[in-house]
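In what follows, subunit A forms one complex with subunit B and a second complex with subunit C.
On to the complex of A and B.
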């Protein structure tokens, strides 16, 4: 009975502090998304032209890579939580998926730069480069977090079922994924 | 006080307060020159008074940071300072170099000072806040290196805590970004760009780490709240400070000749800069509410809470007021900036140094934990006089700024600068009056150190809670 009550009380996985941090990060992105929307309303043609230059296929590739990566992190979490081996294998797969995302992103940037577009071309390109690069830095930070989790897991830190740190890192990674799920339709599709 | 070597903090604190007095005196001179243009001319021209006012501020805050570090690090690391002798040597070097520089500003014309100090060999002078002769700048670097070495060696051999790591990151950052004061490109756009790397990345970047660490340390001491809880807050606060503060540099790149996208980057990230300051306020009040002990040094608790509130108002709210590019287009470099500058520096950095001094000085003077009640009441009078008059200085300057922006830049028939200055004279008089009250507050604050009486002690049950 009490055990069940405990489960119901503890709703947030990971540390409370990481959720404060996630909330702050989401606000920064939210502000950017709102500004993007407002600017797009003002210059619909500029944005339509810019979007036409982007590769939807690459965007889908990015999305799949990040979603898959998040799934691997979930699998890793289950393994580690159950005290079974293989957590690090899944984390490695998650890192590889994230690597695929980075690779696709860099080819996209190369393509756009080769066409002569940069941050100062116009407001659309400012938002395109600005938003996606800001997001990409979060992917890179998230990857560093995953590496840290692998290292700590390798040392057996989570063996005793103390998953607080692992869940915090995983929550951050899901946030990065979630942000892309907003960013992709916003910048590439709509 | 648990370690003998913490004592080196004391001269640093005394020097800091001494220079603070000098800063305020020159502020008052300058405030009067706003309305009585030839006051003390030609002995102390406005530009010299301004240079002394701002340079003294920076130097005394640095003394305060160093003193705080010397007090905190042995206690956090649970070991004596690596070399108290080096700390004392650097104290004298820094004090003499600082004093000579100020004498140089006052004694000879600035251009002559540049000549005398060999600025031709490596030109670094002539830029706002970085006016120091090149040799002084080199001296600052040497002092900083010695200081970081001393603190770093202590950290290496002692216990490593989140607080000391954050503090050390802040101090290293402070030293590293100061190096950009030696980079003086001919292109004025590049010059300004990198000038902000010192100015902005100090006060809206690495200094916030130092502020956070000192606040966390004093809160642990006066509230007895678990270190783990405080450290978690510290992590989140500094992460937010860096995320918003680093790219927030963009709010200085709006109109200096840098590409247009800085309008976006600067506006968005600096609009977020109040967040870490707001979290600091929540942090301070939360910890004090959850306190597990009634620390006898109530003055230090007041300073800590005051820092949270005033930093948020001065740096957060007053910063946000004019940080968005479309607003800044009108307010750039007006009295609005001066209003923000005054309250932000006071609320964030002056108050955190005074918090640390308030907490540490009784122990440095050989008391168990706190000064007498009478002394504390005097100190709190100083707190309120200075803080309230700073609020008024800020409000008067804001009033002056709003009028200035309207009359000079916004109205359909804009007026010339000097005409507008005449029209807003009343606000300058009111500001000067508030400044005099500030000086009174500072005098009361200093007097509190000499008020005797039976010292306030820890209750026996609480002594065990002191780590």
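On to the complex of A and C.
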């Protein structure tokens, strides 16, 4: 083994630009999370009453769907990197899991609206709809990215040494998951 | 352990922590200790996603630190608001 082979260069997966974008996105959400916490501090009863109307089961379902989707993306990346078949199958499974998230979320919204709660009801619902819808927008954008990765992978664009675009898309998808892991306890549990 | 088996194990861990966290959050009173436990569990899940799903355990230290610090920093800020 050569000395050069011993040197392990630490590098970010994907493009550097996607990491700047991810940092910007995380910062925007961080601001919203902090604003939520400060507003909850001012109106604890209002937030407790609002949270009591939410379904923790639906929140858990959303979490499991996104975690599973992220796991499928990891498995897809491993397949594609190894040059093995099955990458697009895992990407399709990731999209189906994301679809389950969207279905659960839309059911939640329908339930809340049917009970007469909307954005203007109070500060809790303003944050609930605002934060979760903003996050859902990122999920939808991420699903479009996954479709693009599937299409390009189908054309044989990705392989070991040419994974930059795939890794960038996957990193964006995992960021969407990471954001939900903070959002879920904040809005549904605490 | 292969990378695939590692990813599978992390996914199972994430699912188990999520279910335990939700059960605890739903059935326990919102005391400060409960807040700390739930936010800590959330941070552990975020660590797993950052290191093993995003693959930052092999990334430059600064970037890894920035992403790993995200959930704990938000958690501490949120946790402090429960002290008042």
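Convention: the second predicted complex is superposed on the first by the 179 of 190 C-alpha atoms of A that agree within 3 Å, B and C clash if a C-alpha of one lies under 4 Å from a C-alpha of the other, contacts with A are read in each partner's own complex, and residues count from 1 in each chain.
The definition used in the following text is that contacts are C-beta pairs under 8 Å (C-beta built on N, C-alpha and C of every residue); 3 or more make two chains touch, one makes a residue touch a chain.
As the structure is a computational prediction, the values presented were derived from the model and not from experiment.
Peer 1: Fit or clash for subunit B plus subunit C once both are placed on subunit A?
Peer 2: Here subunit B and subunit C can both sit on subunit A without a clash.
Peer 1: For A:182, decide between first (touching subunit B), second (touching subunit C), both and neither.
Peer 2: The answer is second: A:182 touches subunit C but not subunit B.
Peer 1: Have a look at where A:63 lands relative to subunit B and subunit C in the superposition and call it first, second, both or neither.
Peer 2: second
Peer 1: One more residue to check, A:133. First (subunit B), second (subunit C), both or neither?
Peer 2: Neither partner.
Peer 1: Have a look at where A:171 lands relative to subunit B and subunit C in the superposition and call it first, second, both or neither.
Peer 2: second
Peer 1: I'd like to know which partner A:28 touches here: subunit B for first, subunit C for second, both or neither.
Peer 2: first
Peer 1: May I ask you to decide whether A:148 touches subunit B, subunit C, both, or neither, giving the answer as first, second, both or neither?
Peer 2: A:148 sits against neither subunit B nor subunit C.
Peer 1: Looking at subunit A, which partner touches more of its residues: subunit C or subunit B?
Peer 2: Result: the larger residue contact count on subunit A belongs to C.
Peer 1: Students often get this wrong, so check: with C-alpha centres, what angle lies at subunit A between subunit B and subunit C, to the nearest 10 degrees?
Peer 2: With subunit A as the vertex, subunit B and subunit C sit 120 degrees apart.
Peer 1: Figure out whether A:113 sits in contact with subunit B (first) or subunit C (second), or with both, or with neither.
Peer 2: Neither partner.
Peer 1: Would you give the minimum C-alpha distance from subunit B to subunit C, in Å, for the three-chain superposition?
Peer 2: Minimum C-alpha separation, subunit B to subunit C: 17 Å.
Peer 1: Flag every residue of subunit C that touches subunit A in the complex, lowest number first.
Peer 2: Checking each residue of subunit C against subunit A gives 3-4, 7-8, 10-11, 14-15, 18-19, 21-22, 25-26, 30, 35, 38-39, 41-42, 45-46, 49-50, 52-56, 58-61, 63, 66-67, 70-71, 73-75, 77-78, 81-82, 84.
Peer 1: Sort out for me which residues of subunit A touch subunit B in the complex.
Peer 2: Within the complex, subunit A contacts subunit B at residues 15-17, 20-21, 24-25, 27-28, 31-32, 35, 119-120, 126-127, 130.
Peer 1: In the complex of these two chains, what residues of subunit A are touching subunit C?
Peer 2: That would be residues 8, 10-13, 19, 23, 26, 30, 33-34, 37-38, 40-41, 48, 56-57, 59-60, 63-64, 67-68, 70-71, 73-75, 78, 167, 171, 174-175, 177-178, 181-182, 184-186, 188-190 of subunit A.
Peer 1: Subunit A touches which residues of subunit B in the complex?
Peer 2: Per the stated touch rule, the residues are 232-233, 235-236, 239-240, 243-244, 259-261, 264-265, 268-269, 271-272, 275, 279.
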